[in-house]
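Labels for the chains are A, B and C, by order of writing; each one numbers its residues from 1.
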Amino acid sequence: MPTQRFNNFKLYTVLTGILLFTGSCSEYFNLTPPDGLVLDEYWKTKEDVEATLMGAYQQFAKMDENLFLYGEIRADLIIQDNNTPADQRNIISGNIFATNSLCYWGDFYKIINHCNNVVKYAPEVLKIDKTFTEFKMEAFMSEAIFLRSLAYFYLVRIFKDVPYVLEPSDNDNVNFFPPKTSGKEILSNIKSDLKEVRLKIPTTYNTIEEIKGRATQAAVDALLADICLWNFEYDECLTYANNVLNTNSYFLQPSSKWFELFFPGNSLEGIFELQFDSQNGQSNSLYQNTYVLNYYEASTYAMDILFPLLSQEIIRGRGSISSESKGYKIWKYCGGAPDQNTVRPGSISGSCNFIIYRYADILLIKAESLSQLGRYDEALTLINEIRRRALMEEVNSQNTPESFEDLILIERAKEFAFEGKRWFDLLRMGRRNNFARKKKLIEIIVQNVPSTQKLVIASKLTDPDGWYLPVSSSELESNPNLVQNPFYAN
Amino acid sequence: MWKNYSIPESSGFDQLKFFNGGKLENKGWEASFRYVIVQKSNLMFSVSFNLSHNLNSFLEFPDNFNNIVGSTIANGEYPRMAQLGQPIGSFYGFNYLGVYPTNSDAVAHDAEGNVKMDSNGNPIRMTFSNGYKFQGGDARYADINYDGVIDINDVVYLGDSNPLYTGGMGFNTSWKKFSLSCQFLFRNGFDIVNEIALKTEGILDKNNQGKAVLRRWRKEGDNEPNMLPRAYMDSPANNLGSDRYVEAGDFLRLNNLSLEYSIDKELAQRFGLDMFEIGINLRKIWTLTNYSGQDPEISQSIDDPYWFGTDNGITPTPAVYSFYVNVMF
Amino acid sequence: MMNEVKAKIVGLCIFSSLVLSLSYSCKKEVNNFRTEEQFVSIAKYISSDTTQFNIFFKMIKEGKLLDALSSYNPNGKSYTLFLPTDSAFYAYIKQNNNYSNITQLLTDHDFINVLVRYHVVNSEFRTNDFPFGALPDTTLSGDKLTIGFSNDLDTTIYKVNNVAPVINANIEASNGYIHIISKVLEPIVFSSYDLMKLNPDYSIITKALDTTGLKDKMGFYTTNDNGNIIKNIYTMLVEPDSIYHKSGIYSIEDLISHVKPINGNYSSEDNSLYQFTAYHILDGSYFLDNFENSVNYNTWASLPVRVDASFIIKINQGVANFGTIISGKDTSIINYIEPNYNESNILSKNGPIHIISEVMNLYKPARSERIYEFYEEPLIYNVKNVVNTYQFTMDKFTVLTWQGVNEIKYIKSSSNAEMSTNKDYIQINGDFSISYNISKLLPGRYSVKLMANAFSQQNAIIQIFIDDHRVGGNVNLTSGGTSKNPYYEFVLGEYEFSTYTTHIIRIQSLIPGNFIWDYIKFTPV
């Protein structure tokens, strides 16, 4: 009997022992989901890094219509047409609610996420892929930092304060609910990022599409100049503007070839353009929206300053606004020739690049900084260079910062009409010197608005917080750490 | 535990395919015993009993959980919600109070039961959230917040699909060559949504309806007890997810009854067999329940936090009567 | 043995009954747990804040508005409540001599009924929707409230009726929005003349109204051409005495010598004092945001006032040179009269009063294009902003009359696909004859254009008569529009008006059918 019991005892201990040991192996419970690529299987070669980087460029390209809208819809160069979507009509008439689709910033953050991925994992790939040189890795990371900084520059100008996300969303433990960081801080951070990568980024590439479509040192300098101008740091701005001038790789297009900036694009003057090629299936959205679907029309002010019959702007007018028979449409994205009538051929209708920076922009940025620093003659020379190229008479102006500001504002409106810059130019003027010229901004905007709305919109623009868009309501709901822009808080 | 969970766009994504957030708690106990009452040479009697009790509840939700978004109230729909402290399997809906006999009965009342008047002194008509004004013959739901509108704010907790106690009992007895065993199953403390009734008594579309619709409201002034709302094609609110279709599913079921006779060894060997047994086995032959549908034994789903128990009329397991013979050579 | 078994059986029974009783006694608690409401009703919001809104809550109960404010709005979309604080009421009592304390105020049932309803508008408005003028919908008492804006450095302050500042806006409730105001809104009981009379700063213009007898025509009601009694609606443009002083006019005698009448019969319509004074009264109700660009507005005198409302409202531009402004390198000439934005939009029972910046003399403006969209008809004017389909029978109309059919419809749409001007039109169907009495326009030659739906085969073929003279040929309404825009502007021809008076447009169906009429337009040639 005792042996029997002892045998039983042995049996039971062995059994429980086996159970305990097997229970502790948690490997049995680590299952990978059957579909989907797992993180550690992806980042293996330099092609993977480049693919993610290209994903960021492509996501930027998808946003061409939005980049256009953010820079034009609240300004005075376009008005709504028959088919303008309701959300856009609401913004034009000043009824901006947090439910508006333009308050959705997800597309920018997709770009930022791709770039964050590149920055985090390119060094990892360097260790694995022997064909990946450190030089190339730094180049890719610099491009990613340029795109990320450009995305944040847009976000700060549109929303003022936004979450500053630097980590890619690659696992469940990432903080998905970041609060806002002040725009000032974000800009100062991206400036230092850009200054650091200036020298690591290529100055040129093999194909023309890459030279104009990928980030180059000149693109970084252009962005730095723009950021410094936004921050009113004029001397620093001049440094970067001069960097671009000194490369001697960018020139103003000759007057007769001004329209080549847009058709076919990738001209001598372009510094950074979002690339499109309908023949390869990469069409932009702006052709459809400006030409086919009748979303926008040139405003009275745009007509006054650009339409050839009213303004004598032969070069720029003929290339910017279509004829009456075509409906005064925005011509840069659908025109085939600077004659206000010939449309782009069907096979390449959606191929017009969206220009983010071009040489003329750098010249006028430089002129703006010079005039604010009191160097009026130099500024005037640059302004007149642009005007000469447009076959317009040279101008003169009183030597005060305000006069020059007005002059440059008009010149920029004529040169960069519909290129997504006007609203940001106006905001710069409104913010300068602690909102000294806020009234002028209100005056300009209100002229473009129907009479019953004028007084209402003027009141809405008195609070500078109202110059920015609200955070979208769905984003506020899903992120409890976000607070709404105080102008829209009620 | 959540699928396709929304996260802020600042992450670069708008949804997570799978998100493990929040906390769910399961606690309970189980008891079982078996007791041999009589053990003699030719008589044995034992009983067994088991009982389990389990409560689960949501302890925590992820930071940005919104339990109202995604809930729809429409005919035939129970709003999908999850509440802290309530279990998976709980369901929510309206409180059904019968039928309005006349148009003038379909007016809003305040907490004391007085009719509410608008700014011109006219009674405020009850409406549904899409603007439809209730009329005589329409279904009457409780206006929990007394605002004159039947909408998501009038949704209340209706019941729980999780049984409070599940268990079984049975006995086993043998006397000489006969043996008899019997097994009961019971579940109590849970509710079922009778989807069959919902589909056959709604009278708002072209599907076949049950006989119950013969006792529906037909004209102003009709006020029979338990009458159904009026027949109204595409009615906006006469068949909302409410406690009209919620029934207690408690049941006691005789799951297994078998009687067996084992023939004498000597007798069997005469036929050249080592063993000869015959018996009858009856399964699922008797159920005691108040549930009016086909079968209250509903299956439970485990991958959906918004699941609740509905009876869709899936063919239940049948009652089986079998006769068997066991031989051994 | 048997005892053992019995004992076992007894033990078993006790045990099982214990377990069973345990299981059946724990009934599940019926939990009437319900979803938390996202927003409370307006009434609940008021009652829940006992520090600030006690008095108004008592008033709601007294005025029998508690039920309405705790439910949805059965007569409109939602409510907008302008909620005065308790301190606003104390200030009101002090200022107002009729009541010595709150309790006494609460006993005046009739007044409380009107007062609480005067604070609730029958639609929902957020501050984003505030117009610079009257809110498009009326209060529950049938009156209109106006919003004024004052810009203070970086923020905008909204003022209801130009007296009550909004201190906390856009509080969302389940049945509307609440804006908290720091003053009580007083229901309007005065006519425009009464308001002028009560204010000593407007003594000169008031004296002019007295002397010319115009004050008798400025009451609450008037009789129209058909003999019906209708509300007397007009807009006033007035100059304060200080403006008159600037032109050297210090009394009514100075004013008389300024206008140089032929004789002393000031109440005659030909008299220039009468004309001068009547020129300050406009037909119809126009708040500052209702003025359109380049439109002549008819007055009670024999000439209209011209308003150009682009960025700034310019009245009678070109009438005289009042001065220049230099800003930066822009020099602009002021040759128009402007309303004083901060002090205009003053409400009276008749309509708004606007304060103007210069003495307004008679001026014959250039002819402007006139579009007639039936807004002279009060029934249509009252609903022109509220989306709906309206069916009217003729007994209620004054300006439109018709024969051949029983009723016409006025439709105001909100859909983007609706291509009519202001998304509204009238519709008449059958073998009809419809007459439209249009208001005065300056004499001269005009091109007449008719905008109507011209895309359906069901449409009629019509003939148009102005003052019984045939204009244009037969207009075939079955063709002309497109599927995207069914409206077509038919150019009927030219017509010459010889006097400044009203006219009758009569449209008759030659071939019966549907007639959807957007407007009739007169463009000066």
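Just so we're on the same page, a residue touches a chain if its C-beta (ideal position, glycine included) is under 8 Å from a C-beta of that chain, and two chains touch if they have at least 3 such contacts.
What you see is a predicted model, and the numbers here were worked out from it, not measured in a lab.
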How would one label the connectivity among the chains shown: line, ring, star, complete, or other?
complete
Any idea whether B-C or A-C has more C-beta pairs in contact?
B-C
Go ahead and note the Å separation of the Cα centroids belonging to chain B and chain C.
56
Approximately how many whole Å separate the CA-defined centres of chain A and chain C?
43
Expected list for chain C, residues touching two or more other chains, is none
Contacts from chain B onto chain A in the complex sit at residues 6-14, 16-20, 63-64, 66, 69
In their shared complex, chain B is touched by residues of chain A numbered 33, 36, 104-106, 109-110, 112-114, 116, 162-163, 165, 168-169, 172, 174, 176-178, 472, 474-475, 477-480, 482
Flag every residue of chain A that touches chain C in the complex, lowest number first.
86, 94-97, 398, 402-403, 406, 443, 446-447, 451-452, 454-456, 458-460, 462-464, 490
Could you pull out which chain C residues touch chain A in their complex?
126-132, 149, 151-156, 169-171, 288-293, 309-311, 328-329, 341, 416
Of all residues in chain B, which touch chain C in the complex?
31, 35, 37-38, 47, 49, 51, 53, 67-68, 71, 81, 83, 85-86, 92, 108, 110, 116-122, 124-125, 127, 144-149, 152-157, 160, 164-165, 167, 169, 188-189
